[in-house]
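Same chain, two partners: subunit A is paired with subunit B first, then with subunit C.
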Partner chain A sequence: MFTRFTSGLKPLRISVQAIRTFIPTVKASSQTPTVFEPLPSKRNGQSVMKYLHEKLTKKYDPTGKRTALVDQQKGLRSGDIIKVTYLDRTSVVGQIIAIKRSVRNVGTNILLRNKINKLGVEVRIPLYNPKIRNIEVLYKPKKYMPRRKHFYIRNTKYDVGDVEAFLSREKRKQDS
Partner chain B sequence: MLSLGFKRASVARSLEFTRTVAQLTSIHAVPSVKTPVGRVNHSLEASNERKCLLTRPGLLGIKRGMITWFTDSGESYAATVIEIDACEVIQNKTLSTDGYWSVLLGQVDKLKNISENNLKKFEQAGVTPKHHIAEFRIRDGSGLIPVGTELRADYFAVGQQVDIKGVTKGKGFAGPMKRWGFAGLPATHGVSLAHRSHGAMGGNQTPGRVLPGKKMAGRMGGKNCTVFNNQVLYANGDEGILIVKGQIPGPNKSFVKIRDALKLYGKSLLRIKHEKEGGVVASSS
Partner chain C sequence: MIYLKSLLNVIDNSGAQVVECIKVLRHGPRNFAKVGDEITVVVKQARPLTAEITGSSANNRVKRRDICRAVVVRTKAPFRRPDGSTIRFDDNACVLVNKNGDPLGTRVSSVVAQELRNSKYTKIATLAPKTF
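And now, the complex of A and B:
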């Protein structure tokens, strides 16, 4: 994980620039005290959270591809089947049952569900995880189930089956 | 010292009482030794020596919200964003003038509605009037910072641990279940209108009163709280952004105090003295 800085702290550097020169805004007279001008604003006066969000999205999603994936109108929806490939070439396939969108944050994640050996398995995929190489849409149903979050399908007749088997069946249907 | 003796007349008892050996030694004649004055533990000097302190002051910041933070290895953490906005040194307090070493900091420029008395203080320091002022005690004079210096977010190193002090969110008048985590009373079995109450409050005749400090319903939150050993994930002086791992007390936009982790980097003068002498001192962390 991280190293603990037990022995020595970062020494304080006070450069000449750090001690600013002051320009009095109000003319000093015998009565009124001088009020010094404020420091120049950081980030061009932009709010911290907005600035940071822009910076982090630029870092983790320079092309804007990932952000487009979770677009409310045109992006992914619960019911779609996707394949997530990681940098080490491992991959996860599953049906989306929920997308959690974060506001001004790179915490957006997708909840995937699949059945492996008839056992329901769910994985939450952080969308902006730097370890993810690609997210591929494998299947979009013609008719979607109601609601944005499909938690209610768990262990009912609407539950997802073996997603890989379902996909191969669909492919065979298309071929024939 | 008084020693009184009577000479007994052995043969013939005279009626006259004679005092033969009577000595009174004057107090002034006794040689005196000046003993050293005992150490007063309830004094400022002794208290300064005992206090576990840091070598340098911390920073003042504003809590701005929480985000997800990814490490390069793909781990994600919940992290808190703190803004360091115009944090400047206003005053240095010294042992000779104030009885202890400390640095007074202020943050967030505030140009309106400041009393003239306060304006003069800021004028003396040569900084813009500030919204929030706080003090950091330090161990000795080596940690003092020139008045008027701006302290930036990169004052802290990425990877080091910090303590953050803030005022917790006010919860209003809260019941014992929320305030103290009591289990409450049963849902059924004859319990009526008391499902979230506390149970007994103590004995009956002995002690015949509710003991002080009994955990009961009352005002919750709005109190000072310090979180210890939060890791610094990101620090950028130009942007004025400090990101720490985990959560910190208080709502967004609230003022917080950030300092080096006391349990890791703090030491008392007494402890340093003992260490120099090579004595065994119980570890504080």
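And now, the complex of A and C:
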């Protein structure tokens, strides 16, 4: 031990030689790995999520009516007043304050706000719910509030009023 | 989500206006009360008792610092319906009840959640002017 520390180069040379002896000397030609043919790509190379969402929208919205409702350009917008009727004849009326949409997603939903007895109520309705019979547009304002999501109107002077009363007032205005 | 110390509006004619939750009944220690759950409350603010009020409602009048039971009828936290829709009200509200689950007051002044229809507090839902 003592001699090792004193003579500097000697242990180094020994270690280099030890490494060299372990390098395998095998010919490359004899070790060729077997290569298999690639598997055929599933769904013609379409991504799983895209395929799934397309399949689900086709299932829950065969006519494409609901998808057209939330179209970015021509569809519903925050500020519109809609009426959602269910298969059991119950209905919800409210002003849209947000539409949660993603591309080809059956999770799309509409957030409606209304005031009943001066108390704000909000309901988030899944668009592709098979129990919905019809979604009807009752009113489209001439001038919209800024932003796509109107969360900021809650409890301010821009807040939605009693939607039913507002609609009847608008109707009376049109008639006169 | 009604916890210990949550303040709730009272929407019946029992005399209380604002109550504070002091216990969520029949739930785990870290759980909270939802619509249709029973809680124990302290009356923090009450309408003054006047001589005009008579009859059965006078006996059931509650005062400040009274301890009673209440049923949560609206919550500010959104809750889910089985069809995937989510409901949210603008305030937390309750209706005072006795130990058998009958409401103390004779009227409910504003909207309550529809969940009460199918619970054992059907009477509150029928008293309410509207359910949502």
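Criterion: the second predicted complex is superposed on the first by the 130 of 176 C-alpha atoms of A that agree within 3 Å, B and C clash if a C-alpha of one lies under 4 Å from a C-alpha of the other, contacts with A are read in each partner's own complex, and residues count from 1 in each chain.
The working rule: contacts are C-beta pairs under 8 Å (C-beta built on N, C-alpha and C of every residue); 3 or more make two chains touch, one makes a residue touch a chain.
As the structure is a computational prediction, the values presented were derived from the model and not from experiment.
**Student:** Check whether subunit B or subunit C contacts more residues of subunit A in the superposed model.
**Tutor:** B
**Student:** Based on the superposed arrangement, let me know which partner A:43 touches: subunit B (first), subunit C (second), both, or neither?
**Tutor:** In the superposition, A:43 contacts subunit B only.
**Student:** Is A:116 touching anything from subunit B or subunit C once the two structures are fitted on A? First, second, both or neither.
**Tutor:** second
**Student:** Considering only the touch criterion stated at the top, classify A:124 as touching first (subunit B), second (subunit C), both, or neither.
**Tutor:** Second partner only, subunit C.
**Student:** Starting from the residues of subunit A touching subunit B, keep only those that also touch subunit C in the other complex, and list them.
**Tutor:** 126, 129, 131
**Student:** Considering only the defined contacts, which subunit C positions touch subunit A in the complex?
**Tutor:** 74, 78, 83-91, 109-111, 129-130, 132
**Student:** What part of subunit A is in contact with subunit C in the complex they form?
**Tutor:** 116-126, 129, 131, 154-155
**Student:** Where on subunit B is subunit A touching in the complex?
**Tutor:** Those residues of subunit B that touch subunit A are 55-56, 64-65, 67-68, 70, 72-74, 76, 81, 83, 85-86, 88, 109, 111, 116, 119-120, 122-123, 126-129, 145-146, 148-150, 152, 155-157, 159-161, 231, 238-241, 260, 264-265.
**Student:** Once bound in the complex, which stretches of subunit A touch subunit B?
**Tutor:** Residue positions touching the partner: 2-6, 9-10, 12, 14, 18-20, 22, 32-39, 42-43, 48-49, 51-53, 56, 60, 102, 104-107, 126, 128-131.
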